[in-house]
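Some structures are shown below for you to check.
Two complexes are shown next, each including chain A; its partner changes from chain B in the first to chain C in the second.
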Partner chain A sequence: METLKKYFKSNTFTLTILLILIVAFFWAASPGRSYLSLINVTNILNSMVLFTLFAIGEALLIISGSVDLSPGYIGTASGALMTAVLANTGLPWFVALLLGLALGCVFGLINALLVNELGFQAFIATLTVGSFVAKGFAYILVDGKVIPIKNRVIVWIGTGRLFGIVPFTVILSLLLILIYGIILAKTVFGRTIYLCGGNSQAARLAGLNPRRLSYILFANSGVLGALAGILYDARLKSGNLDGTNNYAFPAVTAVILGGVSFGGGTGNMFGCFLGLLIINSFNNGLTVMGVTPYWQSVASGVLLLLALTLDYLANRRTKRIKVRRTVEA
Partner chain B sequence: MTYTLEYKNISKAFPGVQALDNVSFKMSGGKVTALMGENGAGKSTLLKILSGDYQPDEGKILINGEEKRFRSPHQAIKSSISIIYQERQLVNTLSVAENLFLEDLPGNRLGFINKAELRRRTQEIIDTFGLPIRPTDIVGRLSVAYQQMVEIMKAYRRDSNIIAFDEPTAPLTDKEIVILFRVIQTLKEKGKIVIYVSHRMKEIFEITDEIVVMKDGHYVKTLQTAETSEQELVRLMVGRDIGDTYANLNRNDKIGDVLLEVNNLVTDYVKDVSFKLRAGEILGFSGLVGAGRTEVMRALFGADRIISGEIKLEGEVVHFRSPRDAIGAGIALCPEDRKEQGLILGRSIRDNVSMPVLLKVKKGVFLDVGQEEELAKEAVRRYGIKTPTTEKRVGELSGGNQQKVILGRWTSDKMVTKILILDEPTKGIDVGAKAEVYQTVCDLARQGIGVIFISSELTEVLGMSDNIIIMHNGRITGTLSREEATEERVLELAMLES
Partner chain C sequence: MMKKVLALLIALCTVFTLAACNRETPTPSPSPTQSAQPTGPAMEDISKNENSIGFFSSGVDPASRKTYNVVWAYMRPMALFQNIADALVRLEPVLNFKTTSYCANGDIDAMIQNIQIYASQNVDGFLVVIDPTAADRVKEVLDETNIPYIAMLNSVRDENGSAIVPCVGIEGVIAGEKVTQWLYDNYKTYWGDIDPSEIALLDYNFSPNVDFNDRYTGAMNKFKELLPNNKVFTADGVSGKLDEQTGYDLASAILAANPDVKYWFVPACLELYAQGCTRAVETLGMEDKVLITCVGSDILTAEWDNGYEGCWVSCLAISDLQYTVPGICGLVAMMDGKATADSLWSYRRAEGDQKTFYNILNEMVTKDTYKDFLARVQSESGL
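Let's turn to the complex of A and B:
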């Protein structure tokens, strides 16, 4: 009962309503009610896969009080590395895949290094590492060309479907968001993320280690980004020049829409999942209705503004507490 | 004509404290007037009312006999009042010249800044002060001492009739102090009202003409500097009996073995600090704000880097590389700024209590919320934290209750706290809650915990401590036992010029 009451008051409840409204609208408006057909629902989930991977990494980082603008570029570089290894060496597919993931990890650690040891703002550090270093790396690795992937296992991972219906990648992304959701909500590690994000100084003085956490979360974001980039290339059966470059930002949007605040310390994975669903069903709905990509972009922008407004309204409460604090001092 | 500034029946209350109580006194131009009193005597509040930061609850300010009301700092500046605070109010990214003329940049009709004019006028002021800086220097890159001088030049530039200095010499070296005093002399000769707030006796006697003594929000007396002495001044600032609060405490009378020994500790902030803490002892740390007390504790707690020195815990040398190490060894810290450093305001009481023992409240790989709840409930029960549930956010609790949450955190069943460091534990909490905190601290000492009790309130340190260490400028200037300690002696040591 208490839990139910809390739920009705929460941001998650608002999001659920929003999602239902969007789905209901497009269902009613779509030709032949095709919006909720098995094929289209699978489409929505399929389009969500890569965003989900990015969103998980971002959610953890933003809750911890940071942000990562690089994973999209890291994904491209990792995919490119895997492709290059497959194309140019005789190494087996899993080695190529692990190398790709390892590259993501390295980029993540570089981000953490810049932020923690050199005191860069996460925004600047990750933007630079991503949009210059990782992006350039991707170009070098594929030598400025699109290189086909011929390895059957990699292609099977990217395009295979369970019972010929549900893509493996969809199952993977849903599993991951579930596992991360449980880690965030139920474990000491998850709690540490909230505590450090709420006030890292106080957390440190109470015996937690915000610095180590930052390293873990940046590495995690890098690896998830790499995985997304690899899946992207595996789906297209080729290594690409700008693969997932533009995926991280919409993922941040979904995370913020899902109730994670840029101030740090608040939000949960279920909210992020709803945020992802809302954005993707929205975009899919527009496509189904034949709205041009340009107008879709405008509409997505409006949705982003809505997300930021929600974040602002949620934050106003905390701000009021802060204001009271300064007056007392 | 002579300028006059008069505070008339001024009262100002904040939640839980009467900062000023019916304060009246008068100052006049051509004199340097010192404002003196202990921390919390009301000096800063007086300045902030003058600057328009605070509105008095009662009473008024008269300038040249005319009532003035300042609703904002802007209005005060327009009425020719300049206040130089301890926290500098400069734009670090702009040049010296731009800072000096911030609200009054010389421009032409099109709104462009006349840079030559700006530079010339700034250079004039710099020359008056005789400082080796250029108008074009970026303020953020200057040393702290020069930044302070820029702040002072800003007030000088405005040519205000009333100029107040709040601890102006704290960041200055002797060279700049000489310059500052020369400037103050000039201001005085021009017939301006100069208000000078400082804890440094030497300066007070060197530069001021009269001294207004404040105590606990009351006006005590105005002294002519030439006719008084340090002894008289200190007596007026502190002369009061320690209340019954302390007499009624159930104190620990069995002090045990040495728990902690610090030898020749040196950090970036403190020099050659040595002391011992025994089990069940309450060891007070006194000194002015910025004396280095907090910094000693941060180093001890593994939060700041130690340059040299040795820390022994129960006879064994320890090296803490992080607060986590210190906590593991049984040391707990309740930081001075409990809202910024102690608590996570957006999280529940439960989360804040269980923080350091999260790894001990697990069931398999998961957090055991049930056990956490037990810990939090125990803290609420033990310290009488006023809250309907342990899920209430600590940001919504009163100061006293917040302090109790931190105490609850460090004394939960899962903790093995041997040493408890309390840094200004009663700051910003009301009188009733203070007494509760005092008794709690005594109870903890009775359990054999060694307590380090830092406080800027003299009565509190004297009332609570078995022994008192006094610091000044990053060094220990004296150690007094409970029997030896008087307010006068502590204050003398705290102001000792080394």
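Let's turn to the complex of A and C:
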């Protein structure tokens, strides 16, 4: 009962209501009620895959009090590396894939190094590493060309469907968000992230190591970005020059919409999942209804503002109650 | 307060949902697209009766069948694509179809996702700009939908260079040759009797795109054929974007770095690059030393309409209707079951191609001739 009460008062409840409203609206308005057909629900989940991977990495970093603007570019570079290795060497697919992931890890560690050792702002360090170094690296790797991927396993990873219905990438992304959700909510490591994000000074005094945590989370963000870039290329069957470059910002948006505070220390993976689901369900609904692409962008912005306003109102109410109780006590 | 807001929203939503549920669900009519998909022996090419800009009738009265839902999908916002969208809307009453325009804003993965979404929403046909960066995958997804489609602008070819999707566009190499030949034939009009050995080439490219690369190659080869010992420079937009700013940045850097070159030919594979180059030339004060031309005519004709008279002197004119009319007529014929991807425009098919690349008519125009050209196209468009 207490858990239920907590849920009704939480940001997650607001998001759930918003999601239900969106789904109900588009279901009613879609031609032939096709919005909730199996194929369209699969479409929605499929469109979330890459954003989910980026959002997981971003959520952990933002909760810990940092941010990473490079994973989109890292994804492109990692995908390009995998494609180049597949096309130009005789190495097996899993080596190419691991090299791609390793590149993501290296870029993540470079970000952490710049932030922790040289004292760069995370915003500046990650944007520079991503939009200049990783982007340029991707161009060099494929020599400015598009390289087709012919390896069947990699192509299956990107386009294969389990039981002929559910894309493998959907299962993978759902599994990952579930695992990371459990790590964040139920483990000591997860609690360390919250503590460091809430007050890094206090965390340090309590014997925790925020610097070590920062290295782990940046590396994690790099690897997840790399995985997203690899899946992107595998989906398209080609190493792509622009790849996932523009995916990180929408992922950050979904994370914030999902209740993760930019101040750090709050938020959870379920909220992020709802944030992703809301944005993608909304965009899908607009497409189904044939709304012109330019208006889609405006409508998405309005949705985000609406959600943030509801979140703000809920937070303000909670704070007022807390203040009133404190005064009464 | 919060609860009241939510309660109000839920109440509104419930009312709306109930109202919507009350409506009769339209029963999807059997689509000729599905039922009339020809499977038998080779079909006669119905497009043979087309006029000079590609308008033809499938033989089915548009008023006698349902209104087709057509999706016009393209990769990034560009004047040409928006103009094609507008041209499609103008053609809707003539051929009885409804257009939904979709722009992927440069995200090819999003485009694939949305093709799948549209396919699940009773769409009857696609006109698609298939981006060369993932042409195989886009073709595969479109094939899986079993819905007729025609590619626009970018050809889709197999490893041997054979066209494998019916496509309306312009042949890149020939277009590139044509614009450079025009510069060579006309430079004396602008510069007088100069020494041609003092002319250098600034050739724009966007190398990841096969068709733009073809235009670049055509221009380069023609220049080397006409002026074999002259200097050539390549401006590859791959380092930037398909936008005016990239054209500006590349031109300003190259032009400023080579003050020894007295005269420049600039054939641009893309109008936006030509526009950027023009602004760069104006900034550098080199208008009397540079002649710019390009493939495509949307932006330049608009500038001419506003009285522009600078060094961007000509273009390979392609009316939006020249893309739109053959594309939509071909698609309607396929949706009517009167043509297949194999039979469509087969009499125009180049040797070695599996499907037809419909090379649209085009001609070089200047500020003195473009209005006549556009009026001629308009009169033959069926509008």
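By our rule, the second predicted complex is superposed on the first by the 303 of 329 C-alpha atoms of A that agree within 3 Å, B and C clash if a C-alpha of one lies under 4 Å from a C-alpha of the other, contacts with A are read in each partner's own complex, and residues count from 1 in each chain.
By definition in this document, a residue touches a chain if its C-beta (ideal position, glycine included) is under 8 Å from a C-beta of that chain, and two chains touch if they have at least 3 such contacts.
This one's a predicted model, so the numbers in the text were calculated from it and none came from an experiment.
If you put the two complexes together on chain A, you find that chain B and chain C both fit without a clash.
Centred on chain A, the angle reaching out to chain B and chain C in the chain A superposition, using CA centres, is 130 degrees in steps of 10. With both structures placed on the common chain, the touch criterion links A:Ala206 to chain B but leaves chain C unconnected.
In the superposition on chain A, no contact is made by A:Leu162 with either chain B or chain C.
Of the two partner chains placed around the shared chain by superposition, chain C is the only one that A:Thr292 touches, whereas chain B remains out of contact. In the superposed model, A:Asn240 lies in contact with chain C only, and not with chain B. Once the two complexes are laid over each other on the shared chain, residue contacts for A:Asn46 go to chain C alone; chain B is not touched. More residues of chain A lie in contact with C than with the other chain of the pair chain B and chain C. Once the two complexes are laid over each other on the shared chain, residue contacts for A:Phe25 go to chain C alone; chain B is not touched. Between chain B and chain C, the smallest C-alpha to C-alpha distance in the superposed model amounts to 23 Å.
On chain A, the positions that touch chain B within their shared complex are 186-188, 190-192, 194-195, 198-199, 201-209, 265-266, 318, 321, 325, 328-329. Per the touch definition, chain B reaches chain A in the complex via residues 14-15, 301, 303, 322-324, 327-328, 333, 335, 339-347, 351, 355-356, 358-359, 362, 365-367, 395-396, 399, 409, 428. On the chain C side of its complex with chain A, the touching residues are 1-2, 5-6, 9-10, 13-14, 16-17, 20-21, 25-26, 28, 100-103, 105-110, 112-114, 116-118, 120-122, 132-134, 136-137, 140, 207-208, 236, 238-239. For chain A in complex with chain C, the residues that touch the partner chain are 14, 17, 21, 24-25, 27-34, 37, 39-40, 43, 46-47, 50, 139, 144-146, 148, 159, 232, 235-238, 240-242, 246, 284, 287-288, 290, 292-294, 310, 313-314, 317.
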